[in-house]
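In the two assemblies presented below, chain A is common to both, partnered first by chain B and then by chain C.
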Partner chain A sequence: MEKDRGAADVEIPVGLVHPALLEPYRPRFFLEDEVVKDCEITLDSPHRGIERIMEGIPVDKCNIITERICGICSCVHLWNSVRVVEEGLKIEVPERAQYMRVIINELERLTSHLIFFGHALEIIGHETLAMRAFIAREPFMIMLGELSGNRVHYACPVIGGIRPRCNPTDDLVQKCLKQLAPAAEYLKDYADRILQDSMIMSRVDGIGVLTKEEAIKYQAVGPTARASSVEKDYRTTIDDFKYFDWDVVVLDDGDVKARVVQRILECFEILKIVEQGFKNLPQGEVRNRDWKLGEMPVTTCYHEAPRGELYDSYGLDEKGKVRHYKNRTPTLTNLGAMEVACLGEHLTDAVLTLASCDPCICCTNR
Partner chain B sequence: MDWINFIISSVVLVAVALIFGPIFLGLERKIQARIQQRIGPPILTPGTWSILKFWYKKPFTPNSPMPRLYHALPPVTVFIIFFVLWLTNPEWWGILSFGTLVAIVGIMKFEEMMYVLMGALSRSILSVTMPYDDLAKGALIKGKIRRFFEGQSAVRFIKHITIASFPIYVGIFIPAVMVRSIYVEDIVMSQGGFLNLDPILFTVPGIIGAIVYFVGYIAQLNDYPFTIAKAKGDVIEGGPLEYGAHARGNYYVLRGVWMFILSSLFVTLFFGIPPIVDFTSMLGISQLVMHVVLTFALPILVSILSAFGPILTFKQLYPVSFGFTAIGIFGVILAL
Partner chain C sequence: MFKEISRSNAVHVMLVYTGGCNGCDIEVVNCVLSPYYDIEQYKVMLTWNPREADLLLVTGPVLKRIQPALKKIYEAIPDPKLVAAVGSCAINGNVYHNLGGDLGSSDEIAGPLDKVLPVAAKIPGCPPRPEDIISTAAVAIPILAEMEV
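After this line comes the complex of A and B, so read on.
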């Protein structure tokens, strides 16, 4: 059933610059007293035109720029962009490289979810647990730094495999495995602390409900959709994940609490994947160089970014230069779904509801 | 009446509040930082040094329909709230029977109303006036009044004054009910002299009153979790948002001094140690020192609680406020 968009008394525009909005976008809330009757979000004020920049440049340069679409989920942007060429030109990827791509990508997903906890708790006003989210995140950032050489832009996937510096030694693999256990333990304690705090739960339980029907209608994706009973995760369709045993976490409630809990549970699935990756990491080459760039028809690839469905599509001309580049990121539809989810909520809860889809405006305004 | 003592007492109390109030601001930040496993700022930095820094910054004209009035609100409020401190000083008890809890509560209401005015007079660029052409876009609801979120904060402050202030008033009146007098003098005298203290705090109604007062204290300071009128998530800081340069310094003074004065009132009512200024005897000096030392208790407790408290929306605030008011009324019944 459609939510009631009743009469409003007053409009409160927020932003573009506002402490609750980590990046610039402008929600307009239409209120009756303090209850949100309608919400409209305006995006794209700092549009960067990355899709336009890509036109006509060599595909390997294009991939470098693709990684710069986002700082939090840079790996998945690069990986999906690389996958387009690999699928279009049928390039094989060595198994060890597949493993490393998954490991780096999943660690990135974990750090992204932990940023989400920090952001959501900051908006709720619980600064202590927001700070602890970053303490919990730090070991994984260090691990990413050691594995790839960078804490943020890992530059791991390249066409046909991974960059050689992302090929870990056996000692490094053992070291990472050793670091994983205490970090996972801290994360578990942290998650327990959030879930057992009745004051936090009173702020998130039953707030910003997005029903399954609404999630499907407004094309919610990723954890936002999975917290509303929509079982959809592109990792299940990607070849590289076939070596790993993990579950897609789907919850039914569709409220802010479900979106938080979904990500918490997903963190433990990520840890399962990473641990399997380190334990079963095969030996061998990390890059296939037996390929040649040439004309490629427009090819489309989907991937599961930390916030949901990521879409990359482009073709190559006979010189290997990019044409018709398209990129769509998950926040675009997730924020649209949140416009509906926040209806009927108190203004403060409405801002929390918007944040609960973990919006990334940097990706969206690519 | 000794006018010299009267003037000295008034001036010394102002100085004490101006020194220790800003320190409380720093102490609060430091304790919260330690709880958050951060080093945090030096204790004097967020209050004392920041205020001095802000006072010497280039003047800043706020986005306000009445900038002068908006700038005048913090110093005026500071002057008015000093009366709460003065009225608990024995030198003031003789003047027109001012030293009553009714007078103190009246002044507290004035302080609360100032935030409503601040909200009404602030027009931050972060909201309606952000130069962004969005009116042409098509929400279903069009043509409504566009309100700055400081205006929304003013609306929230009115609700906050109505609801969240109950606990502190009930807490204040529990000692009065126990002593059967609204005079601060009677409440202090009933707890014995400084060397023979029998504080109300160590009675059952007194403990209940102190708990309720503590909750009300947090609400009065608009600190976490009672910070809905200044919630960073939407209205950011509410009315004080547009204070910059010297006006922000004045606002920090207001906040620090109010923190000190409410703590001082607690020490006077629940420990029976008023802020006496008597430098002629060791006993008088000791009493003032003890008073100041005890005023640290509430800010420290607030810092710890607020580090673990999320912002309560009105949905949670109403039951919490009514719940503690009910506990306070139970304390009043016990005190009868």
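After this line comes the complex of A and C, so read on.
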């Protein structure tokens, strides 16, 4: 039974595989003339049943799979999954390991935001600046590759610390600090260029407004919520971030411009954290081996992924196998909020509005 | 004849995501599209239209839901054509196909890719390094150029 859609008389389905989307999902726009009156998003095609294959798997193997939930924010998935065991069994983590986890995670957040700029500017049609986002991203990818041995799946946190390969030598730390300065300079130049480009600003200003009430009602999370003046960042509640001095960026406008500017400002907060991390990196052990796997009740952990709130919960049975695994990722609620935000816009702006919450479909469907 | 001449000038690749974690896609788009590795200088262009494509790059373990769409895309590509499997997921299903607890490995997967389409080139890695993707292009493109229509 089709829903009554009022005055809308044309339906534009987009997808499943479509150039503007990059990932398979299926928004349906219902238009009156060229104005979007209703929007409906179907998300189900890349479902690969991760929560089901986790059931009864040893916890070390479970961490390999959690990392493969997403290829953009892989570190935070793994870290949160490891934190569940650490919190449930009260395992201490050495300070150097905490620093390295934060550094790898924040560099990954930076590359994730830079993919967002590339994608959003591609939709606006500014190809040059989209390509420059990839140039700006590459030094950080190379740095992550050197720090961890892989450009995408870093496999940095393990239970009780970090993988020994991710423990950098002093030379590597100095080298990374040296590489960080020109990369940050390029990023600053690039951000100035976006903010001063009147063509881009005219395309994003006042488009797709999500008010604070709507953001709270539809449970928007992460940068999408922070651009609509909801101050919510799980990094402030996490123990490992207490060594760093940084601010939560909150903006009031709630339009596409605010979401872009929020991420740009957040990039510089990330650079601040990474620089502090490399400068103050303490010496010492990177892994605590003084623990034993055993029965653990279902434990829940929240973390701030690049797109918002990430939830993991599971318990362990007496042999250390995973039971009742659950994982919730931020894009689901963000896209729900965008369904509302794109109403009343033209069709071209509606696609941009959907992309402005930085949807990641492979996390959402798992 | 005409196609041989045009193909000796430029090759078009199309990328299809069939599940998996997105890491390979971004590495491929990063490698083909971005100015840093810049495969376009060798006249390898990225296209999103299967009717223009010569080489199909497939990432991910080929989910049952996407299999019909993938077959349609493959049929829409004009002959001669080659398929390359990018990343461990497309080659052997990676963690989704090979790891599993009480209930076994994932039921949603129809792949790996060679069960679905004939695969000419395989690029290993999780995800493959950009250098590996470029070297595969260097191997596959001469084969493609000599294939008869």
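Basically, the second predicted complex is superposed on the first by the 360 of 366 C-alpha atoms of A that agree within 3 Å, B and C clash if a C-alpha of one lies under 4 Å from a C-alpha of the other, contacts with A are read in each partner's own complex, and residues count from 1 in each chain.
The working rule: a residue touches a chain if its C-beta (ideal position, glycine included) is under 8 Å from a C-beta of that chain, and two chains touch if they have at least 3 such contacts.
Because the structure is a prediction, the values reported are computed rather than measured.
Of the two partner chains, neither chain B nor chain C is touched by A:T169.
Shared-chain residue A:Q283: touches no atom of chain B or chain C. Once the two complexes are laid over each other on the shared chain, residue contacts for A:I115 go to chain C alone; chain B is not touched. Of the two partner chains, neither chain B nor chain C is touched by A:Q196. Legend: residue contacts after superposition of the two complexes on their common chain; A:M131 is shown touching both chain B and chain C. When the shared chain is aligned, chain C comes close enough to touch A:I64, but chain B does not. Of the residues of chain A, those at positions 16-19, 45, 131, 135 touch chain B in one of the two structures and chain C in the other.
On the side of chain B, the complex with chain A involves touching residues 32, 35-38, 126-128, 130, 132, 134, 137-141, 144-149, 152, 155-156, 224-225, 227-228, 231-234, 236, 307-316.
Interface of chain A with chain B (complex): residues 5, 7-20, 26, 28, 30, 34, 37-40, 42, 45, 121-128, 131-132, 135, 199-200, 202-203, 346-352. In the complex of the two chains, the chain C residues touching chain A come out as 16-27, 29-30, 33-36, 48, 60-61, 63, 65-66, 69, 73, 94-96, 99-109, 126-127, 129.
Residues 16-19, 22-24, 44-50, 52-57, 61, 64-65, 68-72, 74, 115, 131, 134-135, 137-138, 141, 150-153, 321-322, 360, 362 of chain A are the ones that touch chain C when the two sit in their complex.
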